[in-house]
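Look for subunit A in each of the two complexes below; its partner is subunit B in the first and subunit C in the second.
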Partner chain A sequence: MAKKNLKIIGTPVPKHDAKIRVTGEAVYGHDIKLPGMLYGAILRTEHPHATFTIDVSAAKKLPGVICVITADDVDTNNISYKRDHPILKKEEVNCIRDEIAAVAAETKEIAEKALKLIKVKYKIKKGIYEPLDALKSGAPLINKFSSGKFEHKNIAEKFYYEHGNIEEQRKKSMVVVKRTFTLPRMTHACLGTSNITAHYNKTTGKLLLYSSTQVPFLYQRDMAHALKMNPSDIRIIQPVIGGGFGSKLDMYPFEPICALLSIKTGRPVQILYSRHEEFLASPTRQPMTIEIEAGADKDGNFTFRDVNVIKDNGAYTSWGATTPFVIMQAFSSLYTLPACRFSATAIYTNNVFAGSFRGYGNPQATFALERVIDLLADKLGMDKAQIRIKNANRPGETTGQGLFFETCGHQDCLQTVIKKAGKKRKSENNRYRRGMGYASMIHVGGGAKIYRSDGCGTTIKIDPYGYCTIISGSNEIGQGSETVLAMIAAEELGISLDKIKVINTDTDIKPWDVGVHASRTSFVAGNSLLGAIRILKEKLNLKAGELLQEKSTSFNYEDGFIKTKSKQIALDKVVREMHFTLPNELAIASYFYEPSSQFQDKGFKGNVSGTYAFASQAIEVEVDTYTGNVRVLTVHVAQDVGKVLNPLLLDGQIHGGVLQGVGYALTEELIFKEGYLLNPNFHNYKLLTAADTPDIHFYPVETHDKQGPYGAKGVGEAPLIPTAAAIANAVCDALQIEMLELPITPERVLVALKNKNNK
Partner chain B sequence: MEVSFNLNGEKVKCKINPTISLLELLREEMGLTGTKPGCNEGECGACTVLIDGISVNACLYPAINIHGKELVTIEGLVTAEGKLDEVQQAMVKHGAVQCGFCTSGMVMNIKAMQRNLEHAHHVPGENIRVQPDRKNIMKWLEGNLCRCTGYVKIIDAAEEVLNKNKI
Partner chain C sequence: MDFSVVSPQNLSQLRNAIRTLQRKPYRIGAGYTDLLMELRKSDTSDLTVINLAQINDNGLSHIKSLVNHVHIGAMVTATSICMNDDIARRFPTLQQAAANLASTQIRNVATIGGNLCTASPSGDMACAIVALKAHCVLMNVDGKKRVVPVVDFFTGPRTTCLKKNEFLYKIILPRNHKQTQHIHSGFIKVGTRNAMECSVVSLAYHIQVEESGYVIDAGIGIGASAPTIRFAEKAALNLIGKNMQNFTDENRNEFAKKVLTYASPISDVRATSWYRKEVLYNISKSVLV
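Our next item is the complex of A and B:
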């Protein structure tokens, strides 16, 4: 059991490694320079769909070019979880990202020049850019590695789920609303672009990768499969990462390409994306259309939801295709619901593919669901806050999908934001209109059992000087998990924070872990560390008891000492005695924590996470009816975090998440036309700036979940999930318009106003 | 070509290829990797440095133009004894650093605002003294993108430092 009277947990400890990040000393992938290192560059197609021939002879002759590869030069397996993605494309390209050749050269400039010398002849083909077009009869096969296991060869993935009796609930409904929503491609736009440095040693046959993956052990296996190597011959070191947000959850072609260049040349090779390449070739949030029909009875109780999602899979499959795991959770289980039917289809097109992005489909689902709730309330003439409170989830509830809420702060979250936000302020004049919008969300808060294990390993040791080293399977991607681990060790062992080191960047050293996703790191790695500490303390207690001649084994660990009421001994002394006197033992312990969650059955039912997080937001906006411009004034956020582990880091997750949500709502969209990307730069893809930051008020709700470390739940994804939904509701409230798509650009607002006035 | 300039308080001389940017000079030639490449096209501010006290995007600045100027980079802020600059301290304290990729640029731009406060009256062409209230800080930092923090803590840190000596 973790400690009760907490000294460090719950306090605003600055980030463990903030100092090296604020002085420019942190080494990111961009900063690595190895002796003899070559620079890699990738030639991508100029057209989204074409057949081509390629001639690299001139590039090969350029002085300083060491290696040029095309599909003909390599023997590899396809990548992606569907294994439908060739690393280098041969004879045909299927989306504008497609890699067709790569070079390694002595300098970046030479590498770039070599790319220009590669001669490619394209025969442009007519592509398919609308998912439903790909299902029409006579549509060509888009991905020839398609599993073909669904009714149409251009279907990449399908999900079907249901609970309750839809027809019965439909009959009970006094009002029914049906809408179709369209969600855009948002991109992660990490400030540090994608990068990798590969170093293959020809004599040992071992491959060392400096990679910013957030799932190193899955990545090691995927890389080995791609390159036909043994996973354990691949060592992955994770340099400091310049932002993740889900973008590094999959392996993309540039990574095995870099490894191949190193294998071919026997020298280290680095590939660093330009910003243009980052916009073009890193994955996006999954775009989709969501058709939803939902009902409520005369008292405002929700009755049913019938949902059909169509996802543009792009030419290959990445994690975007699996977002329905999370999407269906929102539809089946956010607010108590008697009946739900859900289907989702991912369809191949000649567009770019989507990956995972903070929220994993949940912002899309929550937008559609919360918009529809407002429409139901309107139809019933009910207050929008009241209808939500009435239907909010409660502790002890098991949802139709089998999610069990041991603790649940949904009611609290809603009540809090509704009260704090109060009534919207009066619009100053006819031009500027104010609106208030509410939205909630549910998300896994204790990992998600989707891989064979959702576990995490930890080894902890204390050295003869009383310093502690935590070797954790988990990763730090900027979210602060290292700091939380150090705080836990400080709390439990009474060692000061500056004597705690966290080692977590090397697959040759650290124990297994699934990786950073599903807001799981603090929860799973925290519990794993607590387990290791428990074992370590048993050993320390034994020795301390012997040295203090104390029978009891209940000791306090404080200020570097192991104490009873009357006696104490320095921790480092106990460790030295352990090491250097018989029976000579190390002060070290390992533990593997596996959450108690279950796998879902074939119908996607089961309690998939150790615990669930809830959050609500109330957002006030002001819309300029002349320009269509939307300004977010205040954001009230209440989130069930279980227990606040570190308020400083928690605030950071909330603020950062909310602003990403505001961007999703108002400005961010990668614009494609017939498969070509039109806005691959910060000038035309609008990230919000410091000047756009609204007032954000955050109210943590503590429900103390006994599954979590000190009662904590996962927090990382939640802050972004309901934001776009609440903003859309606020804009619609301000103008009494319909908003069926994101982002809510000024043009879309003006069109909606015009449509309303023409009615 | 040879350029000589003052780098973080020391006179330096170096031979450069006249086509490279100041960012390349720093990162590739001089091994000063604290200044970050976020876009190389003047849009993100990650590469912000101070030239004669004014914040500049190093990625757009031709390296040859640095001749005769005074350049301060993130590496120049920590004292010889390893003490952080007050802006850096405030960033740490306020939890304004997540992934940290924007941080060097943010810190340098806040330094520029601090310098503006202290010297605006004396610098030709820079004689508007910007009041360090929250609104102006937000405006001042507009050219520095951050994807992680939502800016709130960064603004808090800047506000604290810039208002410290206010009478």
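Our next item is the complex of A and C:
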């Protein structure tokens, strides 16, 4: 396995692509220009719910317009995992994102002008914007493509899970708390807006896509299904991505639309979202209400949780509907728990649909759970730190859901942040009130076996000059996985980092991988690479032994040499000898790594990940009771990362995640009224800036999980998951109020204060 | 956005440009941080933008400290205001308003003239200018100047008293009184972010105090609380003759109530009218420490 005395792993190697990024040389999807390329633009509905007729004749006549399509012009399959989403909508629109026509033109300006020439007559219908309204009897069918396998036609998805005996545990409970929490629509706000360039070659019948998908192989399959093509006739190249965060985990209509425009015209076509379109039409974090009842016994041991989640599915289904996979893990398994019952229902409405977003339902669940833990502690008169430490997960634990924690840093994380944060500082005066809040989280740390394989393939080769190329199935979306892969190869092969290349952007070349999500890439791709290196080394060792006339097969790979105690030979020389002398072999090896995780059974039980990550945060805030503004003063983060592979990149994940979490807690919300989006701009969508970054103190906890590369676990999502929960707890602590809703806007704070004072 | 641009190099070319466009749609462009966003939303095919950025004229682009006044050219940027010592020392409310506007990048181009002429109820520098009881100097195509008190400059949300043949030339700040020994001056901006934030409510105060602690002059401007930035005259007058050192809670509440009489805020995506009033009241109290 991986070596012990590490030289590169664990050191702060700067990002592999840092230089081309900061010099502006990185080629993003927006930078791609192909000969003869046309510009695509999409006409979306003006109303969330209406029937319509459309006349594109004037647009077609505009000089420079090459192609205009509507639903009538295309023969496609529906998209989304439920296949309930038509690419272009016909006669009826069901949410404010709905695509009703698309144009390809010689310039962007002409394309936009053409959109204005399309005449659409709407007959506005009364939509349904509250999930529970959609379940009322007599509510119209919202999505006519949905399969209707549940008891009500407007239900898109359902989950039910339980372990233990709720009634017995309820009896054991000295305190029980019940609350309903409401979570907002947050958007990814990627700095690089959604983009795609499609190039269909009429002669070969092959489609080339420059796409920023996070899941190229699933995307290839989905695209093929949508367009009724052969998956292998579609090649996907992933340009540099300006932000993913989960937003590119699904395929959305604009992508097959762009492909269709290229297929129709035989020319390359590019669609770039404007910022307005990005706010309107890219997916969001899943909004929901969480009703939770939870108990604890007289000693503060948690007894049961009974949870019911209602999700607004929007008009079509995307990955937001499947967030209960992760949500239920938080409720069933964060802190030791004898009994849990969980149900979740996704209900169609005429709102926009949600997708996957860093944390995948976990920030929502953790907010509700950690708020309730504070309330239980209050009722018991127990210290909020102590109740958590008492119930924290332990190594060796198998939870009611069947998650097995071979290693577990939960206690360590909690104790670290509680100690480091210390007591909250005294409020200086009546106006500014200080509060301290704690929260923990559990998240998959070794992939998540949801798809048939959670694996990743790698091919590694060394060339006759001693340079190494890693061809990885995994994807880089800015998280730094390329850097970590290069570090692993450098560590194991003794090749300097500048001689290592990572190729990971072309489905025609790279081996299969399920995609970048679930904090899995360093874990899965790292293990995959280590497997390939092991095989490659066997070949190199053989040749080196032969050349050095050395029987032993234990060699050290260092500084470009393969060494024994007394002899050494340059690695590139060994490779040349392999290539150019009999039996003429390549210095190349491939490996496919599949994590040891299991599929869950029908009751969602099973050890779904190779390992689990834990984290705790302690956050101190200061609330201005005059304005309701919450200032996050310090954030203490302890995270069980297994092993620090690269402290610099890890810090980046922590800082970025925490700030995203602060935004979720305090400011970020897409505001809709009756299906219309009211704040599709950075002016009113309050994404935080560098100037809002609190003091962040990070303490990695290393538990050395033997499943992980060098003991590492996934780290990407965790830093954002407990942040909103800890901030909410801190605000409630500061003001002695209740917060049942995110974001905790200044206005909501003042309303809560007013309600408290009026009591 | 396809419009034509003319870039006069001096004042007389500017006047000519405006004169020739009297019967056509035209807009004046300074730092473009408001204008471009506005033009993006409208049909600009017949439009001419008169670009002020290349004009070489001290009156338009400099800050000039005189004995009785400080002149600030309409083209002076927020950054230049932040860096001016005279303003920092004697008119902190303006310095703070400029320093808290948007971000470094925006401040480097956003002009005080643009901030006034855009006439947004939430304009930050404009709010401070109101508290400072400044005057606006307007110039017409014949070179004639017209001086109006800044409160009269604003005629409604996003409208000013500028005629089609006029532009804003400069702003004149009156100097603090000779007897003033101490100024209690600042700008309170309420919003959610620390940068890139448009005021949800703002309050500019400039209170001049003589040696014994008595208030001899006061200016209070409130932003984002009414269709235009308002000068809270009764609140300001209420302070005169009072001693800064012994304000009671009763004084504070009375002052805040007076400020509030000038507020008639709207509810929008950023905040409700209720919130704006509540906060305006609270921050008004906080002015009288």
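Here, the second predicted complex is superposed on the first by the 759 of 759 C-alpha atoms of A that agree within 3 Å, B and C clash if a C-alpha of one lies under 4 Å from a C-alpha of the other, contacts with A are read in each partner's own complex, and residues count from 1 in each chain.
We adopt the following convention: a contact is a pair of C-beta atoms (placed from the backbone, for glycine too) under 8 Å apart; a residue touches a chain by one contact, two chains touch by 3 or more.
Predicted, not measured: the structure shown is a model, and the values here were computed from it.
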item: Which of subunit B and subunit C A:Ile671 touches, first, second, both or neither; value: second
item: Partner chain(s) touched by A:Ala691 [first = subunit B, second = subunit C, both, neither]; value: both
item: Partner chain in contact with A:Tyr593 - subunit B first, subunit C second, else both or neither; value: neither
item: Contacts of A:Tyr710 with subunit B and subunit C, given as first, second, both or neither; value: neither
item: Subunit B versus subunit C as contact partner of A:Arg431, first or second or both or neither; value: second
item: Per-residue touch tally on subunit A - higher for subunit B or for subunit C; value: B
item: Partner chain in contact with A:Glu747 - subunit B first, subunit C second, else both or neither; value: second
item: Partner chain(s) touched by A:Gly656 [first = subunit B, second = subunit C, both, neither]; value: first
item: Subunit B versus subunit C as contact partner of A:Phe682, first or second or both or neither; value: both
item: Contacts of A:Tyr626 with subunit B and subunit C, given as first, second, both or neither; value: second
item: Intersection of the subunit A residues that touch subunit B with those that touch subunit C; value: 682-683, 689-691
item: Footprint of subunit A on subunit C - complex, ascending; value: 2, 103, 190, 192-196, 198, 200, 269-272, 275, 278-279, 282-283, 285-286
item: Touching residues on subunit A, where the partner in the complex is subunit C; value: 109, 431, 625-629, 666-667, 671, 678-679, 682-684, 686, 688-692, 745-747, 750, 754
item: In the complex, subunit B residues that touch subunit A; value: 27, 32-41, 43-44, 46, 73-75, 77-78, 84, 88, 91-104, 107, 137-139, 141-155
item: Interface residues, subunit A side, partner subunit B - complex; value: 12, 14-15, 18-19, 21-28, 30-31, 188-193, 240-245, 274-275, 477-480, 648-649, 651-652, 654-660, 681-683, 687, 689-691, 693, 696
